[in-house]
Every structure is written in structure tokens, then in C-alpha cells.
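The letters A, B, C and D name the chains in turn, as written, and every chain counts its residues from 1.
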Amino acid sequence: MFRDLFTRSPDARSSAALRELKLACHRLLSEGGAANSAAIGGEVIRWWAMLSEAARIEFFEFLDALAPDRERVLRAARAYGEASTPETVLELQNAVEPPRRELLRRLNRASGGVGTLVAMRRQLLRALEGRPRLRAVDADFSHLLASWFNPGLLDLRQVDWNSPASLLEKIIQHEAVHAIRDWSDLRRRLQKDRRCFAFFHPQLPGEPLIFVEVALVSAIPRSIAQLIGSAPSSLDSRRPSVAAFYSISNCEHGLKGVSLGNFLIKRVAEELRKEVPSIKRYCTLSPVPRLRTWLTRVQGVAAAEALRLRYGDDLERLAAAVRDGVLDSQDADRLYSCAAIFLSRHGASAAGDPVARFHLDNGARLERINLGADLSDKGLRESFGVMVNYLYDLGAVEPNHERFVRGEVVCSRQALSAARA
Amino acid sequence: MFRDLFTRSPDARSSAALRELKLACHRLLSEGGAANSAAIGGEVIRWWAMLSEAARIEFFEFLDALAPDRERVLRAARAYGEASTPETVLELQNAVEPPRRELLRRLNRASGGVGTLVAMRRQLLRALEGRPRLRAVDADFSHLLASWFNPGLLDLRQVDWNSPASLLEKIIQHEAVHAIRDWSDLRRRLQKDRRCFAFFHPQLPGEPLIFVEVALVSAIPRSIAQLIGSAPSSLDSRRPSVAAFYSISNCEHGLKGVSLGNFLIKRVAEELRKEVPSIKRYCTLSPVPRLRTWLTRVQGVAAAEALRLRYGDDLERLAAAVRDGVLDSQDADRLYSCAAIFLSRHGASAAGDPVARFHLDNGARLERINLGADLSDKGLRESFGVMVNYLYDLGAVEPNHERFVRGEVVCSRQALSAARA
Amino acid sequence: MFRDLFTRSPDARSSAALRELKLACHRLLSEGGAANSAAIGGEVIRWWAMLSEAARIEFFEFLDALAPDRERVLRAARAYGEASTPETVLELQNAVEPPRRELLRRLNRASGGVGTLVAMRRQLLRALEGRPRLRAVDADFSHLLASWFNPGLLDLRQVDWNSPASLLEKIIQHEAVHAIRDWSDLRRRLQKDRRCFAFFHPQLPGEPLIFVEVALVSAIPRSIAQLIGSAPSSLDSRRPSVAAFYSISNCEHGLKGVSLGNFLIKRVAEELRKEVPSIKRYCTLSPVPRLRTWLTRVQGVAAAEALRLRYGDDLERLAAAVRDGVLDSQDADRLYSCAAIFLSRHGASAAGDPVARFHLDNGARLERINLGADLSDKGLRESFGVMVNYLYDLGAVEPNHERFVRGEVVCSRQALSAARA
Amino acid sequence: MFRDLFTRSPDARSSAALRELKLACHRLLSEGGAANSAAIGGEVIRWWAMLSEAARIEFFEFLDALAPDRERVLRAARAYGEASTPETVLELQNAVEPPRRELLRRLNRASGGVGTLVAMRRQLLRALEGRPRLRAVDADFSHLLASWFNPGLLDLRQVDWNSPASLLEKIIQHEAVHAIRDWSDLRRRLQKDRRCFAFFHPQLPGEPLIFVEVALVSAIPRSIAQLIGSAPSSLDSRRPSVAAFYSISNCEHGLKGVSLGNFLIKRVAEELRKEVPSIKRYCTLSPVPRLRTWLTRVQGVAAAEALRLRYGDDLERLAAAVRDGVLDSQDADRLYSCAAIFLSRHGASAAGDPVARFHLDNGARLERINLGADLSDKGLRESFGVMVNYLYDLGAVEPNHERFVRGEVVCSRQALSAARA
């Protein structure tokens, strides 16, 4: 069967594979499929691998059609409406669960299943653009992947210079915040005053899911240049008092929406607490990726308007002034105020700054705003060099998070006063 | 807080712990709980460990009360009745999901979470007796544990004489079919013509969940004595052609209902196929634990009535005759017929023989009935020494399973004719 | 070639194998052998495995004949006598080295070489009885094995209840001091207030070479019964202050004379110092295996003569009195004095007590003599139940050892005064 | 003591350390030292690390003075001259062994001993230049290191892209034949049609001692460019028939003279034979580093003289002609003949080509001479681009080696006829 396919044209092959794939899915969902899911799941995986882009979309539409049985749902809802017993609740729960969920669960029992499901999700996210109907399918993938990539199940592993080169290569490739130029740059980030940790799934042992880079330093850092590129400082490495998380990167787009970063930061803080008892504070040095967009558009903020008046509406010349170190102190104050206003107003909103939102949601506090902190092209382009320290006070993250959920941006006094000014 | 408790009476301590446990559960379920579930989950685990038997039942009742919000469910059902869109489906799904599920999911993110959840289930199963209302709670545990103990996630490991003694000790303790007398007995079962495989969960690395014992022999075995207790036969071990699964035991009662045995047998068959290419057939040598109960009660089966007439209604003397090897050939035929009729009639039914049901459900075929195959006290008491070979023809398990689901018992010709006779 | 041999009689086969073995040895020693020693060494190993007992002795005689070339030695000695230069020294060194040493070195390069050489030595030690000429061969084995089983190269590994059963089985089998009755007895000795450590050679990873058993207790122990067989004491295990080495056993007779015990004890003390900082003292609880022999024969020791007068020349009845707990205090004093005299006089001599000699040679101090400390048959038979604590004061072992070498038995004040009394 | 030293001047510190080092060596050699060598050896290691370059030479002179006792040697030689018994042989052997050997053996028992001894040898080799007297010390180091770095004891490990980056970095650094430019170049050499294997000592697990790079190809390679820098060829990787060893590099200068390369090649060939059964031939692609030196000087070889006549005495222009691909066929023939004559005349001599000598000594055969095979600067400079294939016919290496020892260069017919022409 497989063999035959290779003699055909790519399109014909893909259509044939799609046909076989659907048949295999039906078998997997049948009564016989429960008991033989490892074997049938293996077939599904092989057929899936042969699909063209177009055929994959057809496959997602096929999944979409594996929806709850409307009649059964309504019947179960009526019965539940009449009497709420364990039986009527269970029946309603079962009735509303789409059969594709069970299909995906059975697929996950096959060897290589979990990797295939993540790959499917990666494709699905792309297919979702322009096909809002597939959101229901995506909800099921998201629900199931969140369960299978539960942080309680993941392995936290330190990545260092003794890690396999194949793993380090992936770290270089996936670093999303401050690009790693080459192996020497990576090596610097793995020296004894630096740490890197990643989460791994037991079934995907060579694939980092998300990783974080940490600098062990003597004070909350004010600029990225002092963390990257500088040689180890004997002062810092002897008795560091601050762990600065300066980069956190997801490696697997197929896990979008599966919340891992929060857990990673807290597990790593826990590890460091044990390993390096001199560390007293956990903070970040984070970008403000949406600052410029906001600054070029916002109305009614005097400091922003003054900057636009001076540097042009696109603020291109402001970036240049920061780069060249010629920003005068009045404009520096204005830029500082703008960053404080932006973050304190929009840090907690979905439309605001995603990095702020991430750390505030985790229960961190906006601690300090740093001008001239990232003079890379990207840093200047996105935020005129501004970076922010978020502070993780492990004893306060729970109440902080509650305040965040109520819409509040938890700030240090200093940041707050700048925002008010 | 923890410390204070130790100065109180056990009952007072347990009540206080229950109170704290409930508070911690509410925090875990709150908005703040999502982001801090690892830490709060750790607290839940510690409070749980301090509960008395009675307090645990109260805790399960607390979980029972974390049920779906009836008003929200009815509202969502109405909206869905009006229009079936991705949104109304999702809302109905969310509405019917009891909050306790999310609680258990968050608990699972804590270190040691999965072990605690299995332990809770163990207690819950006990509490269930006489408290049918808790079935809804148990359904949620069962649903979630099935997802977390997905066979695709479990590690299959061979257990042999190089395995840690602490693991082998658990094998001795949990062997449920043919008790392992001592370390020498165990050692025999791990020699080069025998195999033992177990499933492990990545978060519980020292705890076997289920294991199977296999004999590599030259023909389908007729009695358990030839597998246990005999020294390795050079004939068998040189080029074995048959893998006989002669014992399969669950180690973790808290996973009751989570189907692992089927997957274990098939994964092991797959492993053996690669490791020992000379093996052509996979079968079992299995007990018939319900045969005697049926035989003492069945009406309208001539052979059974003849046996009862001769050996007394309780058939005590039949067991003795088998033990002493004095069963005449006519009675042997009767016993054989009875076993065939029992299995072919009731093998597929919930009320019938659980071992038969397990293997037939897996897609095996009832191959052969063996008289005098287990002369141990238990074997005589339960089935007058009768044992059965089920055959796993890997190419036929899927259709066989489908036939089983339709109520058919798939038999070899020989077993079938005995059943008809 | 190998195949042909199997059709012959055992004797004919062994003779043929010996012939081939000698040829292979000659090839191994030839110029070509240096470069191809791994391959030729493999052949030597296979031929060796086919030798009968008698043929092995012939092989050792063949090795004996691979002696230094007398003419070359005398020539080199003359040259050295005339002028001592690096060249004449080297030539004399080379000339006196028997060719068999190089043969054994080359053999050691083959896969499985080191295991075979140890096995050869085991046979050689047996052959040595009645064949004193083979002592020169044994000296070469001894010299080379001491180099290859250098303690700096060996792995120290803890043996515990998670160790492979196949390893624990060897521990049971080789325990030479206080026999391990069964797996429960072993398990007791591996609980959390006990330790067991063994040395392993990198090329023989499953074979313990020597192991020591240690009890972590709150005081220097007075009897073996309080260490073996008793359940863990919460007192001891909480903050033990004493590590008591109560058994040390060699597993490999072929390494006789290769000194490992001394290094094992010191490495283990070092490990425990790090792992259990509460431990302040390292001692033994040791048998006195030669006490009875000495006591039945010694002349001029009043206490010994008094005991013989009372309990008969063979002192059989003294052992019985100890066993039955009816030794009166005067005789107890006499026994105590005798032990003190025996150990302080003969502890350092080759003809004295081998256990005393071992520990004193290691730099330990004779600390305390304990009556009624070992009531097992062996303990009564060998030493009337007397056991001894040797104390390892890690800061004093070096000077203590120097004193031992000068013939002094280093004793605690208490033991010394008993010896004088 | 250690602490005090740090307040002094470097020279004073080094002198003090040397004084302490000598004292520690005397203690290590004393009676007490045998039993406490691990501890005292540790002190020696720490003092050694504090020596200046000059103090190290003084230390080697101290070792030189630890020579055999001349009187004892002469006495033992006389006794042996009178009667050759096991006793007189042993005494003579012991007498001629310099005490420093025992010192080094005891030092090797300390933690970190073996690494320190290798480092000492590294220094000693440097000190040896201009101090021929130290040759006797070096002979002892060489003898002992050969015993401790016995190939039978070393681990053969494959190095691949999953190896630790810290190890791969050492491979890049130590590649001596064809320099590895960067991580991409390395990665190419670790792809699926390439292999890299290294020897490791059990006590130095992160330190490769020697490694070999192998290409799995479809024919004996004619040029280095086809092995390095080219992308994997699907043809080669599918069913390679030839394993070409194209680079072998020592990593540890301190092990100079300890023969490992021969064993490495044969162990790797053995591994590949098992892993890739399609491989039928094992060969090298090797440089001829001394060809140019010989060619510019040799007298009486017509082809060489003709080349010098045409390209100048230093043959600089010959290298250029090869580089530019403008060598005419007559000169190409001349160059080919010269290479054949050089290798067949001098391949086996100490003064000849070291690479030829190494492979011929291992039992390989000179198989083929390749012109234009290495156009790198080094290849042109040393050998005008000529490279050689040596063939390892595993069945013939032993007789080939014997022929080599008798002074013969084993050549293929083709190479031989070129040499005669």
C-alpha cells in the first residue's frame, strides 16, 4: 500500500494518503480502535506525513466534522434540566465532548504520537488564518496538549557547555530575545556566572520546549550589554545576590497557548535558591516591544507629543539620538515618563505590551525602567533602547497575580511616581 | 502553621488540616491559583497527608460539591439549542466541566502531584462503597488519570536480575496470579528463557504500574508447572518459537479502570518480535477464576449436572479427584465440555470470566483448554485445575476485537466443537 | 580449528588447546604480537578456557620457563658494574624482566583480558601448593595485578537496596565475616542507618572486588548482635556520631596480596565525612580469629594457664560457659587479660592475629576489647566471643602506621593497662 | 601552611613549595607512605601545582636522584651470578628498580593522580631538551604510563553531534592533520556518512586521548577534498563499502610514546565491521609529510634531479605548478615515481616518513599514491599535494607487521612497479 503510492504523482499520492488517513481515523475511533490504538495510530502517523499542505487543511476540516452529536446533546441537556444526578451530568459531559478529542487521545498512544500531535497543531495554527471555523478543532488540540505538556510532567534540565551539541544548536536557533551570534556567544552564556534551563517532555527527550537564560550578578542589571558579551566578572561570580532572567524563548510553536514560561521561571528560581544561597533577588531584564508603536500614536500624553514634535511623527530621529548618546536630559525624562505611563496603563491589557503582560500575570512587579539599556537595532527600533526590570518576589507573586487579574499593574514606588508625573 | 498542629490531638489535627486543605483548594482554583499552582499544590499535598480516614471522606464530599453550575449549564444548553456555533459548543463544554477537574489538573502541576492523585483515588475507591454519590468524583479521577497514564507516555522497561532489588521486591509483592514464593522463585522467572516487562510513569520511576511475565518455549504450554519451578530447558532457550504470557499483575489499585494490560501485552509482543526473531506465536496460559462458581450453579447443562451428581453440589470432591489424579476420562470430558461451554457462552459478558473477557476484548482468540494445568490450591479451588491458552495473532486482533464487541467469543475450532458437544 | 576440537576426547582436546595456546603466546611475544596483541590475546583467552586442570599447570610451567636470559643479565650487570649510566641501568632493568611479564601485559590488551588474568591467578595460587618453583610466576602476576588494580583507578560505589539483585547476590555470597543468612538479613544491612561500599574495576563493572559494611550508631558498639539483626534505631539514625566498620570481605581470591582493604576503609571514611557530618569517630568491630589457638598453647601467661586448668586444655568448656552466660567475673578478667596480652604482643607480627595486623598496619589503634561480643558458633569457637574495636583517627593513621612498622602495637591506655596487668 | 605561602613572592613561594614537595615525596616513599598514599599523594599534587618552571626542573632532578642503590644492585647481581633461583632473580629485579617508580605508583593512588602524572610527563618532555640525564626519569614515566594507559583499559567512545560541546571543542582544538575550521566544519565530519571515535581513560572521562576520523564511502578516496567540505552523498551513505581513516590525532602530549593509534584503528575497524556490514575494505588517506625534504636533497634519483632542474632546488615552483593544475604529465610521472621510491625505500626506517612508518608498523600495506590529493597550503608545502592510501587487510596485518619488522615495506603491485620504474 505505502509502496504503491510512491509511483504516483505527488498530488495523487497526497489524495490517496488523505483517503487512507480518514479510513484509519475511523478505525481508530471504532470499538476496535480502542484496543488497537497503538497500531492504528502508527498508521495514522505515516499517512499524515504524506499529506500536501492542501490535504492537511482538508484533514482539519474532517476533524471539524467530528463534532458532538447535536441530538444527543439536546437530549442530554433536557434530561439534566429535569434532574441533576451523577448520571445526567456524566451523560451531558460525554455528549458535548467532540469525538475528535477521543481520536486525538488514541493517536497519542502510538509511538511518536505526541510529536505528531504537536506538528499537527503547528500546521493547524497556520490553517486557522482565514478559517475561523477551525477554532473549535484548535480548542481541542489546545486543551489536550495543555494536559499532556503539564509542567508537573516535564523535566527541568540545566543546559550547559557539557550538553550535547545537537541541543545547543537548537538553543542558538530558537533564542528569540537577544540573538546568539555564534558558538562563542553561546559559550559566554553558559559560563559559571550564567545559567540556562529548559523544559523537556519525557517522550521528546532531545527537544527543548522552552528555555530561560539567567545571569548571576551583584545588582539588578541596567543594560543588556553588561550581561551579554562581557567576560565573567570575578565580583559577580563569587557571591552573586541577584538572578536576572534576561531571555525566555519558546522553541515549539505548536504549543502556542500552553502556558510554560511562568512555571519555568518559578522552577528555576527554586533551583537557584538551593544551588546558590547567596541569591536574594530574582528579577528580569526585559524588552518593551510595543513602546514605539504606542508612542507614535498615543493622544493626550504631553511627553509623547513633545517628543513627536521634536523628533518627527515616526520618531526615527529619537532612535538615532539614543543610539548616538545625544539625548538631552529633558527628552530622556520624557521618554522615561512615556514608558512608565505606557506600562502602568496598558501593562495588564491584552492590547498592551505582551512582555509586561506575561510577567505581571505571573505575579511579578514592575520594578525599574532603564533608558539606553538595549542599543541593538532591534532595541532601538522597538523601544528606543528602553528595558524594564520585573521583580519576582516569591512571597508576593500570588497576591500580585490576583491584583493583576483585577486589572491592576503592580509597580514599584519609583515607577509609579514616574507614571503619575 | 504545620508545626502548631503537632501539639494537638490527632482528631483536632485532622480537622484543622481539613480546614486548611479546603482553603488551599479554593486558592488553587482561584485566578491566582492558575499561575501559582505548583506552590499551592504543594500545600494541598502536605495537608492531605495529615487527614484521618474520616476527614478524607469529608474531603471527597467537598470535591463532590465542586460540581458544574446548574444555571450556567442550562443557559449554555439553551444557547446551543438555538445555534450550534464553535462558541456555544465551547461554552457548553466548559459549563458542564466540574471545577474539581481543573482543581485536580492544577494539583498535578505540583512536585509529587501525580503520586498524590493516585493515592487519593485509592482512598476514594474505598470510600465509594456505600457512597454512590461519589461516583461523579470518581469519574473525574478516572478520566484524568487515564489521560495522565496514557500508554503512549509510559516507559516500558525489562525487569531482570540486574534490576534494583527494591523493584524486584515490588514484583514479588504484587504478583497476583501465581504467587512468587521467594527470591529463588523470582530468579527462576528472570532467567534467560523468561522475560518480565513493566510499565513505569516518568514521574514515578521506581514504581511498576503493571507487569507481565513471559516464558519463551518451544510449544504452547499445557500447565503452569512446566513454566514455574522447572529449570531452564536448553531446548526451549535455544530457538524458542512461542512466547507464553503466563501472568499479568496490576501494582497500583488507584489506577483501577485505567486500561494498561492490553497495551502492555502488545508492546511486549512487539519487543520480543524484534529481540527473538524465532518466536512465531504469542499466547497466554491463563486461569479461569469463575469456572467453579458457574459450575456449581448452572442449570440445564447436562455435563455440569452429571458432575454435581457424582461429586456433590459444592464439587469439593471433584477438586480432590483432580488433585489426586483419579479423574476418569468420562468426567474429564465433562469438565472439559463445561469449561468450553462456560467460556464460549460467558467469555464476552461482563458477568462472565474476567480473564477471558480481558483477553478476548484485547482481540485474542480462545485457543485451547487444558485440564490438570494448575494443581495449586488456588487453581483447584477456582477451576478444578483448568487453564486456558488465549492466542494473540497480531494480524487478527483488530477484527477479533470487533467481533468481541458484537458479543462473539472468538474460538479455535477445537474449543468451539467442545462447546457444542 | 576451534570446531575440530569439539569432536575429540576431553583430554585430547585439552592437549591440543595447550599446544595452540603456547603457539599463540609465542606469537603474542613476537614482534608481530606487539601490534596485534588485542587480536592474538583474544585467541589466548579462548584456548586457555579449554584447558583441563592438569594442562593449566603445564601452562604455568611454560610461563615459568619464560624467564630472564641469564647470559644477558650477567652481561648487563657487568656493564653496569663498570659504569652506571642511564643506558646501563635501563639495559639491566630490561634484562632482568622476565619475558612473561610482557606476555601478560600484551594479554591484558585483549577484550576480557583483565578478567582472564585474574582467573589465571586464581588457578595459579592453587597450583602453587607443592610447586614452590612457580613463585616467580606468581610474583609477576602479583606485581602486574597490583598495578592494574591500583586503588586510584578503582570505582568506589555504594551498594544499597536499589543496587542490582545480581550484585547483591554476590555480596551475600562473599560476606566472609558475619554470614548473611538471606535477603531479609541483607536488607537490614542496607537500611538508612547502615552503609555498604565496594570497589569495582572499570573493566569488570558487575564484579565487586572488596566490600565493607558500616553501621552508623551513637556509640562505639560492644557486640555484633546490636549491629546485625536489630531494627533501625531512631536514636542512631537521627544524628549518628560513630561509623563502625563491622565487616570487610574480599570477593576475588585471584587478587590475593593486592592491598585494597586499607584504601577502601579510608575512602569510605572520607565519603561518610562528607555525607554525614555528625560522625566524629571511625572504628571497627572486629573478630580475633587466632585467640583460641594461641590461648590453648601459650606458655608463661598466668591467666591463660589458669583458664586451661579450669576449662580443660582445649578450652571447649570455656566457650560453653561464655555461650551460656555463666562465666564468673574472675575468669572474665582472665579472658580479657589474655586477649589484651595476645593482641599487644602479637598484633604486629606476621604469625599473630591477621585482623589485628591488618588494622594496625593501616594505622588504626587497638581501642577496646569486648567480652561476649560475638556469641555465634564461629565467634565462640575462634575467640570465646571476644571482639575488638580498632579506632581510625584519620589524623593519626600515618604516625600510627610508622610505629606499627617499627614493631609497636598502638593501644588505647585501657587496652594497654589490661595487657600489662 | 598552604595559606602562608600566598603571602610570599612567587619565587619564594615556589621554593617553599618545592621543599614541601620533596618532604611529601619522602613521606610517600616511607613505610608509612604505602598505607597512606592516597592522602600524602594529594599533598604532593597540591605542592606540585605551585612550582615555577625552574622548580619543576629541580623536582625532576630530585626524581633522577631516586635511582637504584648501586651497592645493592651489584650485590644482587653477584648472588644471581652464583645461583639463579626465584629468590635471587626477584632480589635483582627489586634492586634495579629505581625508588622513583614506586613513588610514582603511590602517587597514582591519590585522587587526581593519573592526571597529574600525565601533566608531569608533559613538563618533563620539555625539560628533557638539553638535559639528557633526565632520560632515565622519562623512561620510568613512559613505562608506567604505558601500563596505566593500556588500551585494554581504555574506553572507546563514538564522538558525534550529540556529544557534549566541551568534548567537541577539544576535538576541534586537537585535530592535527586537517584542521577543523569551525563548528560547521566539525558538524560535517560527524554526519551519518562519517564517524569519529576516541579513546578515554576511566579516570579522565572528559579528556579524549586520541581520536580518529573516518569516512564511509563507496571507493578508496583519491583526495581529501572529497572527504572534507563535501555534503553527504546519498550514494555513499546508503551502502558504503570502504571505511577511509583520514585523520588521527593525539590530544595528550604527556603520553608521547604510549602506543594508542594502532589499537584505536583496529578497535574502530572492529566496531565498524559490526555496525556497517557492507564495509569490505579499511584504508587510510594519509599525508606524506617528509616528501619534500627528501626530494630537495636526494642524490642519484633521476626523477628528483629532473624536477629540481626544472623547478629550482627548493622546488617552490613545483608546488605552485601543482596548485595551479599546470603540472605536465611527464613531471607528474616523475613526482609519482619519486613518492613511490621515497616510501618504498624509507617507509620502514626511523629517519623516513613518520606516517608511513606508523601504518606500515601497524601491518598496513602501501596501496596507492595519489597526486593532487591535498591542495591545502600544508599539503602543497610538505608533499606537493601527494597523499597515500594505506590498506588495512585485517587478515594480513600480523604477517605484514612481521615483514615490516624485518625492514620490508609491504606495497601493492602498482606502487611497487612505480618504485622500480
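Keep in mind that, in the parts below, contacts are C-beta pairs under 8 Å (C-beta built on N, C-alpha and C of every residue); 3 or more make two chains touch, one makes a residue touch a chain.
For clarity, every value in this text was computed on a predicted model and none was experimentally measured.
Undergrad: Identify the chains adjacent to both chain B and chain C in the sense defined at the top.
TA: Shared contacts of chain B and chain C: no chain.
Undergrad: Starting from the defined contact criterion, work out which chains touch chain C and chain D both, please.
TA: none
Undergrad: Centroid of chain A to centroid of chain D, CA atoms only: how many Å?
TA: Measuring from centre to centre gives 51 Å for this pair.
Undergrad: Would you mind pulling out the distance in Å between where the CA atoms of chain A average out and where those of chain B do?
TA: 39
Undergrad: Between chain B and chain D, tell me the centre distance in angstrom, where each centre is the average of that chain's C-alpha atoms.
TA: Here chain B and chain D have centroids separated by 61 Å.
Undergrad: Run through the chains and report each pair that touches.
TA: A-B, A-D, B-C, C-D
Undergrad: In their shared complex, at which residues does chain C touch chain B?
TA: Contacts found on chain C: 161-166, 168-169, 182-183, 187, 206.
Undergrad: If we count contacts the way the header does, which residues on chain D are in touch with chain C in the complex?
TA: 27, 30-32, 35-36, 38-41, 67-68, 70, 73-74, 77, 80-81, 84, 86, 89-90, 92-93, 96-98, 105, 108-111, 113-114, 132-133, 135-136, 139, 147-148, 150-153, 155, 202-203, 259, 262-263, 266-267, 361-363, 397-399, 401-402, 405
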